[in-house]
Amino acid sequence: RHLKFRLISIILFQDVHVMIFIGFGFLMTFLKRYGFSSVGINLLLAAFGLQWGLLMQGIWHLEGGKIKVSILKIINADFSTATVLISFGAVLGKTSPVQLLIMTILEITIFSVNEHLVVAIMKASDVGASMIIHAYGAYFGLAVARVLYRPGLRNGHENDGSVYHSDMFAMIGTIFLWMFWPSFNSAIAEPPLSYTQLTAVINTYLSLAACVLSAYAISSLVEHKGKLDMVHIQNATLAGGVAVGTCADMSIRPFGAMLIGLVAGIISTLGFKYLNPILASNLGIQDTCGVHNLHGLPGILGGLAGIVAAALGKKDGASATMQAAALGSSLGFALVGGTITGLIMKLPFWGQPPDQNCFDDSIYWEVPNEEEENEESLAHGDQSKHKADV
Amino acid sequence: RHLKFRLISIILFQDVHVMIFIGFGFLMTFLKRYGFSSVGINLLLAAFGLQWGLLMQGIWHLEGGKIKVSILKIINADFSTATVLISFGAVLGKTSPVQLLIMTILEITIFSVNEHLVVAIMKASDVGASMIIHAYGAYFGLAVARVLYRPGLRNGHENDGSVYHSDMFAMIGTIFLWMFWPSFNSAIAEPPLSYTQLTAVINTYLSLAACVLSAYAISSLVEHKGKLDMVHIQNATLAGGVAVGTCADMSIRPFGAMLIGLVAGIISTLGFKYLNPILASNLGIQDTCGVHNLHGLPGILGGLAGIVAAALGKKDGASATMQAAALGSSLGFALVGGTITGLIMKLPFWGQPPDQNCFDDSIYWEVPNEEEENEESLAHGDQSKHKADV
Amino acid sequence: RHLKFRLISIILFQDVHVMIFIGFGFLMTFLKRYGFSSVGINLLLAAFGLQWGLLMQGIWHLEGGKIKVSILKIINADFSTATVLISFGAVLGKTSPVQLLIMTILEITIFSVNEHLVVAIMKASDVGASMIIHAYGAYFGLAVARVLYRPGLRNGHENDGSVYHSDMFAMIGTIFLWMFWPSFNSAIAEPPLSYTQLTAVINTYLSLAACVLSAYAISSLVEHKGKLDMVHIQNATLAGGVAVGTCADMSIRPFGAMLIGLVAGIISTLGFKYLNPILASNLGIQDTCGVHNLHGLPGILGGLAGIVAAALGKKDGASATMQAAALGSSLGFALVGGTITGLIMKLPFWGQPPDQNCFDDSIYWEVPNEEEENEESLAHGDQSKHKADV
């Protein structure tokens, strides 16, 4: 039993690992001049976060005064890191690495308190972590973004957008997240290798498949001349994985899973189209990646679906009250924790970039000179013709 | 036994999943202005196709009037989707999403009939699906392409080609397909976790390795000045996986597997070089990705190898006659089904793009303005120098 | 037991496979005009090398006069290929495919002798192969590079550098190597599925996480204005995986693993910054990818850590003397073998490229004409505006 558990856990751990480092990292590379930071700072925060996460959960589970490391704890460390990477999306391009490391420490610490409360005290069910990772990470990040509001970017920024190839890199992130989400939602299902765990895999797979259809349909409906918008495809196709998280291991049947996925795709796409501009202009929340639409709203949808499913008796031992308390707790810790963290990040000595240098790798990275390259490329073109003559 | 079966199945399922969504998706991104559609429409068709595939195979295997979903059925759903993605390659850049969704419905429906016939009635052996997926998908797509023939593209199209970075993205697809093909060919080997399944893994691995050598050698031989052609490397290196499919679980020994791979690499590369232009100019079959050379010819080679192997008694219970019947059935369903499907897709109200808009994302996607970007990039160059002065 | 062994082996095999083909292949795509060769020649050498590697290890382990193929042998074949891909990095851009195929034959042959000596005769411990793969591959490649020294490239080459997108492609390689390194270091741990194997996974994971922190910190310290250098991030973040290799399955505890990772990240980054230019200018070793800093120095560090750990009794049966002998043997075979191989590769009939064509795909590949593309792109921009008017 232990042996088999470890085996399946190593498989699922690798898949979650790919989601954290390739998935989140490349999903954020859509910005035209911020690819180095997206994938590079993602690696830094995740590598730091998983060590901090191991420490934090270790403190809640000391064994003989020592922290023991196991595959399951490593999966949980990757999970706690995910909250930071979600919040990173909300403030992408507008914060320094030092600010983000501070956010990592505080967000994971607060996460471990909320997780302990939800799982150990309330005994709420959240196998795919719609509430404690996705909703928490999104609203934490939005609270930070609110505190760090930049009036100077009210009218946008020339580098806050994509180019053709940067959108292609982002699709690498999207597809890997999409493919391995069933592993994310089933990685800590109990007992391992059971029908329950298998159910979590299949429900997530079906929810994601349905979500793709509604995301494409709505994107085409709301865009000019029925065209598709890459932002929707890169993000809203994943909302089904977020939203089915809490219910993934419950007996919601294929119909339930697909319904959740369909609704998530609709809400998420509409959020990107109509809600994001309102948040920015009316509430002062500049959400670079639209994490509110990919993690926030679908996370709440997941929490609500969990309350309904518990009320309908879809999982033994789950209580609708405790599910609601878990959702409220996750949102509360996120908003309060994010606001406090934002205030600390706003202190003037963390190297926050000025407005004009936002969304630009060259402030933190040695970036190859593209202009010179264009000249060289032309020179090269001549030269290669030359070679062909020889 | 059931437990272990599920375990190995989850591993193989993930690998097949990567092939479908990353492999096929990125393999088609070689076109210079069609990357959004290649990877994006691939995601749409695959997500829709696997739901339709679950339904179609469910109808053949009702349990108490209900469709039961299992890991094995999910793998089969991914498989049925592969046929559509292969055909997609033949008509890439020349069809609308609506046309392709119609093709998905019809092709998977017909696939499920042929699969039932080949597997359940004929009891033919096709573990890696050289015949029922690869040959079927390729000739189905070619029949559709024939019906949708565009005289206006007889002399090519300025966007029907690659640029440097688009070829690099395509290599992501190639390599992931190449690496995980052993999982594809062994995923439904019976009994699971047996020596038979292991044989399928190793035969495929050896065939692919041998195929790379012949593809590189022939590409260098037939090209100007011994240079390599990216089209051959992206595609013909995979022909060994296709061709060894039918025989993968038979006792063909390493020598047999490598021989099949070598021959497949030769046939495929020669097909790209010499046959594709003939198909386009003489038969009116404009095969964008050259699926005839990657899936069609190697699929037939795989079917023929299966007939020979069965005749030589390399697999208990396999009959050369039934293998031949399976190959004929797959080709017949493909050609007839593809022609009918093509005629339906040709109806004038599915939004088929005009010739001049072929191979161009901007007809279906909001595409970032690259021209403006070039200007910004220069501006940015100036600006970053500025910053360095400060 | 056998069944389970095969199972875990298939998982680990796939991960190692991804490292070899995606990891090494894309890591080398950082050069602005050498992406086709980096990922394409990597595929060719790896596919050829694994067949040659199967043959070479088969000769040491004949069973009844025959070579038997198994999953474990396939993993070992991938491993032997890794040495060639490491050496490839040292001579990247300056050698022809034929020269590299010769290097593959010789390097794997010599590797199999050294491996037999170290593992079977000396019975030294090197589970993650810091010595027999990484140090061996690096110093073999450096010896070849020394023999093939090009005075004409003393002052650099216009194409020996990266552009923005090529650095992004390289990060795909970096991240996949980083994620799956725990599988590399545990794939041949004995007995399979034991606590020992799990220890190798966790030690590698911790070493890599710590290594990221020191690589980022040192990169920022040594660069102008505290900026990060992509070369360091792409490479030095992996040094922890190399350096913990020999000790991965020993009871070095989390503290030991993280200490090794921290030191490796420091040494590797400093090597890139200060040692690489000295090697090139003073010793005539032009190390394109800096394999000395990623594989050479961390490999020696790993060997030394293994000696210390053996002396401290961290592994039953391991002897400090034999560990030292294994390190010496690996370095000796590398330097002598690399020098001889370099001399053979220097013979004038293998098509070595002239200086001005170094680091340029167009000498071996049909490369799409980028200049023409730029024109088309502008034309396209006009055209798409046109369309919008319609």
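When the chains are written out, they are named A, B and C in that same order, and each has its own residue count from 1.
Basically, a residue touches a chain if its C-beta (ideal position, glycine included) is under 8 Å from a C-beta of that chain, and two chains touch if they have at least 3 such contacts.
All figures in this text were calculated on a predicted structure; none of them were measured in a lab.
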So what shape is it, when you link every pair of chains that touch: line, ring, star, complete or other? complete
What rotation angle takes the CA atoms of chain A onto those of chain B? Round to the nearest 5 degrees. 120
If you average the CA atoms of chain A and of chain C, how many Å lie between those two points? 31
In chain B, which residues are in touch with two or more of the other chains? 7, 11, 165, 172, 363, 367, 370
Quick one: in the complex, what on chain B touches chain C? 4, 7-8, 11, 15, 32-33, 158-159, 161-165, 167-168, 171-172, 175-176, 178-180, 183, 193, 198, 201-202, 205-206, 208-210, 212-213, 216, 223-224, 227-230, 233, 237, 254, 357, 360, 362-363, 367, 369-371
In the complex formed with chain B, which residues of chain C make contact? 3, 6-7, 10-11, 14, 17-18, 21-22, 25-26, 29, 35-36, 39-40, 43-44, 47-48, 50-51, 69-71, 74, 97, 165, 169, 172, 363-368, 370, 373, 376-381, 384, 387
